[in-house]
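When the chains are written out, they are named A, B, C, D and E in that same order, and each has its own residue count from 1.
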Amino acid sequence: MNSTLLLSIWLLPLLLATLARLRHAHWLLPLATLPALLAVAILPVGTTVSLPWLLLGSELGLDETGRTFLGFSSLLWLIAAVYIAGSQHAITESGRFRVFFLLAMAGNLGLIVAQDMVSFYFGFTLMGLSAYGLIAPASSRRARRAARTYLAWTIAGELLLFTAIIFLAAISGGALTFDALQSIPRSPFTVLLLIAGFGIKLALPLLHWWLPPTYAVTPVAAVAVFSGVMIKAGLLGLLRFLPPGDATPPDWGLLLVLIGTATIFFGVVAGLLQKRPRLLLGYSSISKMGVLTSGFGAALAFPSAAPGIVAALLVYASHHALAKTALFLGLGLIECSGRRISLLIGLGFLAFVLAGAPLTSGALAKAALSDSLSQPAPVLVTLLTVSTLATMLLMVRFMFLLWTRRQRRILPLPGVPLLAWLYLVTLILVLPFLVSGIDRLMINVVPVSLGLLLGLGGMLVGSRRSRANVPSGHFDL
Amino acid sequence: MTAMLVLDILLVLSLLSLATAALATNDARRSVILFMAFGLVLALAWGRLLAPDVALAEAAIGAGLSGALLLTAVRDQAHRALRSSRKPVHERGRANLRVTLEWTVTLLCIALAGLLAWALAQAFDRAPKDTLAQAVSANLAISGVSNPVTAVLLNFRAYDTLLELAVLLTAALGIFALGPARPGHRAAGPVFDGLARWLVPALILTAGYLLWVGAHAPGGAFQAGATLAAAAVVLRLAGRRSVGLPTGHTLHVAMVAGVSMFLAVGLGLLVLGRPFLGYPPAWAGGLILLIETAAMLAIAATLVLAFFGGRPTPAPGVAEKTS
Amino acid sequence: MNFDATLPLLVLASSLLPGLVIFFLREESHRLRTLLNLAGAGAKVILVGIMIWGVFHQHTYLTRWTLAPGLELVLHADTLSVLFVSLSTVLWLVTTVYAIGYLEKSPHRSRFFGFFSLCVSATIGLALAGNLFTFVIFYELLTLATYPLIAHRGTPEALRSARIYLRYTLGGGAVLLTGAVWLHVIAGPNAFIEGGVLSQLPDEYHGQLKAIFLLLMIGLGVKAALVPLHGWLPEAMVAPAPVSALLHAVAVVKAGAFGIVRVVYDVYGVQFTSELGLLAMLGVAAAITIVYGSFKALSQDNLKKRLAYSTVSQVSYIALGTAILGPIGTIGGIVHLVHQGIMKITLFFAAGNYAETLGIHNVSEMNGVGQRMPATTLAFSIAALGMIGIPPIAGFISKWYLGLGAVEAGMAGWVLPVLIISSVLNAAYFLPVLYRAWFCRPAPAWPAEHIPAARYETAGALLWPPVITAGLALAAGLFAAAPYSPLEWADLIAQREYQL
Amino acid sequence: MAETLIWLIAMPMAGAVATLLLPRQSTPIACVTAVAASLVAGTLLYAVSEQGSLSYEIGGWSAGLGIALRADGLSALLLMMTALVMLASSVYAGTYFTKAAARARFWPLWLLLWTSLNALLLSGDLFNLYVTLELLGLSAVALASFGGKFAAVQAALRYLLLGLLGSMMFLAGVSLIYAGYGTLDLATLTLAVEPEPVAWTALALMSAGLLLKTALFPLHFWLPPAHASASAPVSAVLSALVVKVAFYLLVRLWMDVFADLVTPAAAGLLGVMGAAAILWGSWQALRTERLKLLAAWSTVAQLGYLFLFFPVLLALPPGPARDTAFGGLVILALTHGLAKAGLFLAIGIIQQRSGHDRINELNGTAQRLPATTFAIALAGVALIGLPPSGAFLGKWQLLAGSFASGQWLWILVTIAGSLLAAAYIFRVLGHAFGNQSYPRHSVTIAREEWPALILTTLAVAGLGLAGAPVWNLLESGA
Amino acid sequence: MLTAHWLYGISGCLLLALGLRTALLHDMLLQRLIGINVMGAGVFLVLITVAYRGPGIAPDPVLHALVLTGIVVAVSATALALALARRLTAEQDDG
């Protein structure tokens, strides 16, 4: 029973993908997430299934990390699926888009429950390549170029990963499960390959070139899952392949911390220079991935504190996933039906959430991370605070862009997508209170306010002058 | 001894000079006549070397019939055949090549002659190996004939002779297959005609005699056949169209007479439980004569056919008969 | 003769006899011809099934026939031969169905199917060859049986490429023959024995053995399309699609690769080859070929030509695996023998379908063909992705083992870059095709629509073969670790080879 | 059993007589004779394989005084090949010559040729060999000129003159032998002969004559026109058998009778000439415009291979190694005989159907005659030496022997020759493909097409796959 | 060894060489044919010389028989050659 459920997490989307070209197959999309949701709900942590005949001998299972990832991922896939099913966008209407959506979903959910390298790689690849279809390359020349860039980087990432896996398998003497690999020392070269491979997915600076053009052209619901869910596969990969402990030399942790720090500020600075809200959100994601990377680096660097840091990272990742998806879906609603004050209010809230304003899930995530880091690396806590401020700046800019957005005409809001969005926003609103006490949510007051003020001030100054006009999709230093 | 030596030297010198002359001249007719003379001298040489059977055959066939054949060919301009195939010598380079070739071949031929002579000298220097000749004389008594050459030809090595007749037959058939013969010679003058009238019967008689005598003295089927053929040649020269040769089917019978008689005897003996061509000593003489007679017919028919150079055509209207 | 001694002969005869009969069939009697073809193919599948079971259970199937003193025709089923035989048998069945559909109403079908069967018989003989002499015989027979298939259409281009094919393969055959004879002279009958026997020869022969190895590799390399001996393969793409499928997947190219595997493992012994320093040489040749083939494929607009260059590149994976010392690399090379076969045959079937149904020959004409022929295009896509090495398709398994084997053998330094570069290039020449097929808008009219879209997108006999083989390619990867999968079988071969 | 030897000679000879005497029934008589003679050849082959070599003393006179016929494995095999080729060509010739009169003139010569072939292969006497050579030469010439076309007659005349030259050289050698050893019987001679000038010179003279007859380069020039201008069945027999039996005689002399005399240098000379023949013959075959000339030049080349065996055989130590290689020589000769005969017969059909034999204009005809084209292909396989033909086994042995004795040149030549052969064969076969309408049946004219097909199949599958008995026969009939 | 052996033997060899040279080099058919015949005569001379045992001693009959056979064979061949030649010239004249 358990094994069937685990299996159907990725098998059902795959099977439904074969039907997705049928005419009224919109509603298959949400259906496909059900096994995953069910699994999160009922499967005990530690459930594993061995499938020795599958691939090179597969193992599926649900551990704590996986469960968290599966939780927010399946939820967000569901919401995105409902959003798509209800929207009337020309591209997302097409059977082809549905097929790729389901394939990417299968890959994403599959890699989460994979407990061996090959299955993980399968899921990772399936997700990465299917996402190409979500970019809808045929819709315009720009889209085609963006899709090509995306594909090139994805394949590069996968090959790096492949090489790394090969090396790991060679060292382990054929063992492929993460369990068995736990304590096997990673060679520096392997670590480098893994960081690079997952770094592409995480869009770390210099490995991020695929992201802006892709976000610029992809249908918004797809960008939502890109940015909210799929990008997190990079983090999961790091957690799976470089488990903090004896296996990875701590020096690499420091390096990752540095990279992460750079990423945080790179994301913010680049984001601030964007004219299009989508791109701004995209760079914001990069920045947030910097946070996750730094945190992960800290976990590597301080193996003793690793369990706590990892737990905090999971909270942070979930928070970001929900908030970022909601932001994109909201943006999508504005894009398709015009700027409305109600939508702006919702988005404003989400902007605060993302920045980590008090009483939001952002604050919760920040608190968790700060707590886990305060002991081993207090300097990182300071960094987090600065990052909060920067994110707030970015969010102010985001709202400003929305506010000044050229208005064409107002169209009626599509019902189902709106409901899906509202549901998500509500969830974000409520969730921190369900999980934690209010006292823990009362942090970040200073940096958020400071960021808000600075941002508003900057806007006032900036609106007087023609701003540095960075063409969307490209970032010129 | 010295007289003999002088004769030998004369014979040898004339042989060599006649051959050289025959081969050196570019005039075909002259060449043939010199060759015929060469044949006659050669027959003398055979006689000198105690080979009368061969001398007879050479005289009749080698010199006589071959000469007649060659002469007819010259008359028919046949010697021109193949000539056109070699390109005329124009260019200097080609001419030089030709000269080089000629010298090379000549030297090679001289070397060959030297080698052969040297090897022959070596062979002569050994003790003569007479085993075979002795075997012949030892078995002569049961061979059915007393002429050892005939014994070898028609008994000991009869198989060779059978094949030889087959060679003759093949040549005849080959000529046959080429098409009809050319028209005969114009009728000669009355003088030649008269000559032919008595020459032909004489030749036929001679042939019969040679055949008969072959059993114990020089002579035999070949010489007889050749003589018979000579008779026909004379008739032909006299203008007789088919010179009494049968045409069509009967001619076939005559042509294969030798081979078929040989085969019949050989296979008959085989069927009777003896070896192929293994005559019982008592019948040997008779059987040999039988075979020789058939062989003579075949030889004659074939040689005449060869002289005609093709299938004899039946005479239109006029029946021609020898006198 | 007991059954065990006759079985190899029966497997051979099940295609040879129908082939010979077909030559003399009347052109119109296609029903009888089809029956004979399918009966032969079916019988072969059954016989090979028995053989697989038997070899797994350590049965010895051996047919011997003396041709001359010291020269025996030996048909012997060992694990390696069974692998190749099964591949050829299954793909032959599929290809026969396809060819029947493809050549409907074209002239000279008796001749075609006659040689078609001969071609497969030669391949089977080659797979079952128990010594180098037998191998050489069937290797040359294969050349002969294939020539008429390439020249089949009789157009000037067909004749030209058939001539080029002959020039290469007969030349290669002569070199192979020379090497084989030489080896026979210094080492006797050269039976294929796991682990090889030549290492027992005294040291003074090592120089000669190296030269012989070079000769053998050149001879085999022609069919295996090792650069620079590959020139015939892209030219041969003028042949009808079933023939291309046969050339690239079942018979010719495979024969060369299989021969390389045989020589290295069962004549020289991989350990001994490595000691002679020959393995590295082979590896470098394979590596160059892999990269070169991929580069050339990039610039081909003609679909079949692109696929042909892809074959040049892909088949050398087998040689590469052979050149990697150690069981893992061996598995990688050998399993790719099967995997490349099923994937490449799918690609050629699909290409044939495009040509036969819509008159599409070039990549540039393929816009939107995925909408018109989704099943074919899906099959094509699966195979193409497999070629790139995307999991869970068969090609991934091959690359996995090759990479792993290289790392274990300490050859990662150059093998992995080659694998990576090749995968990148594979992606670069296959993905644009997929993009056109699936994402682009179709042109207003197809170049020449021969078969209208009715119930299926094309004729049934054309549609099912690629679908089936694509399924096989998927299954071979997805269920790689399942019993009797190609991978498991390759594992068994490696175990027996290395006496694990 | 020894009577089979004489029947092998008497039977075709009797057939010749009978066809001449009964011209109207000549075709059935010839066919019956052919079948019967083939059966006798088969019987002989069987007898030799069972009892070893056979001999028969004609007239009951012991060898020396009389003439003995002998058959060992080698001659029995060549006799069988002769029988097969002659039988198939006879069946073919029965329909090839459409006019009854032509047939009636053809059969006696044809059967006499057969007689001479058998007689030569069986003869155990040097002078008798001379007579058989002459019979062979004359019947071959008569047949080559048969039909009387200008080119054929011209080539035949040249052929005759050179054949006569050859015979005379041979006879000169024979006379030396008699002068030196006082015997003509081969068996006696084998024991008596010693390495000395008489024997050397005699062997040189006889060999020179035979080389001319077997057309070894550079004495080959007469062959292509003669073989190419004769009628198809005749060409088949000339190329397959007539040159082959002269070669047989060379082998008999060099490997058997005068084996003690042969020096590596002499064998090497033959090898070099053979190599030149292979390369030059193949090159000419590649260049020629006409199919029959191609086949004829191919004969020149193929004979070259046979001569390559001489230096190789001599370099191998006597015993199994040399015997095995010798078997290779024999099987190569047999394969070439069958295949070349089949090739000429097939070409004859094409020539009759299209009225010409220009290679570049063959398209339609080749496609309308699939069985004939297939026969040409099979013959090609044998000529190239591809498996599974007998020639493959032969060339394998040639290469193996060359490797074993370190004679690298022959290896290169063999390979190069094979590739050239492939080039000229496939130049022809390319024309078999196209879109000419396919006939209803593969075999369109049974009586003409089957002989070629059967001969070539025998050369390819028969000798290639069931060739092992050849070695056994050579061993048991040694 | 007898003087006759010397004399006739050597002339036999010379005749053979002479005939061979002509047969190989001469342009005209007739001379080539005569050359071959001379060559044959040379061989026959050698044979008969070998058979010769000296005055008064019976010579070897076998060789005599061989020469007889040889002569007939030679004339057959000559006849066939001439017939072929005539056929050729006839065609040349006609054409």
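By definition in this document, contacts are C-beta pairs under 8 Å (C-beta built on N, C-alpha and C of every residue); 3 or more make two chains touch, one makes a residue touch a chain.
Owing to the predicted nature of the structure, the values given are computational and were not obtained by experimental measurement.
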| item | value |
| --- | --- |
| Where chain B and chain C overlap in contact partners, by chain label | D |
| Nearest-to-centre chain - CA centroid comparison | C |
| Chain pair that, of all pairs, has the most C-beta pairs in contact | B-E |
| Chain C and chain E, separation of their C-alpha mean positions in angstrom | 68 |
| Intercentroid distance (Cα basis), chain E paired with chain A, Å | 110 |
| Intercentroid distance (Cα basis), chain E paired with chain D, Å | 28 |
| Chain centre separation in whole Å, for chain D relative to chain C (CA means) | 42 |
| Residues of chain B engaged with two or more neighbouring chains | 81-82, 116, 120, 123-124, 128, 130, 132, 136, 156-157, 160, 164, 167, 170-171, 174, 178-179 |
| Where chain A touches two or more other chains, by residue | none |
| Numbers and ranges of chain D residues touching at least 2 other chains | 127, 131, 134, 138, 141-142, 145, 148, 153-154, 157, 172, 176, 179 |
| Every chain pair meeting the contact rule | A-C, B-D, B-E, C-D, D-E |
| Of all residues in chain A, those that touch chain C in their complex | 21, 52-57, 96, 118, 121-122, 125-126, 129, 137-138, 151, 155-156, 159, 162-163, 166-167, 169-170 |
| Chain D residues touching chain E - in the complex, by the definition given at the top | 127, 130-131, 134, 137-138, 141-142, 145, 148, 150, 153-154, 156-157, 160-161, 164-165, 168, 171-172, 175-176, 178-179 |
| Residues on chain B engaged by chain E in the complex (per definition of touch) | 4-5, 8-9, 12, 15-16, 19-20, 22-23, 26, 28, 31-32, 35, 38-39, 42, 45-46, 49-51, 53-54, 57-58, 61-62, 65-66, 69-70, 72-74, 76-84, 86, 101-102, 105-106, 109-110, 112-114, 116-117, 120-121, 123-125, 128, 130, 132-133, 136-137, 148-149, 151-153, 156-157, 160-161, 164, 167-168, 170-171, 174-175, 178-179, 182, 220, 222, 299, 302-303, 306-307, 309-310 |
| Chain B contact footprint on chain E (complex, rising order) | 1, 3-5, 7-11, 13-22, 24-35, 37-38, 41, 44-46, 48-53, 55, 58-62, 64-69, 71-80, 82-90, 92-93 |
| For the chain D and chain C complex, residues of the former touching the latter | 320, 323-324, 327-328, 331, 367, 370, 374, 381, 384, 386-388, 392-393, 395-397, 399-400, 403-404, 411, 415, 418-419, 422, 426, 429-430, 432-435, 437-443, 464-465, 467-468, 470-471 |
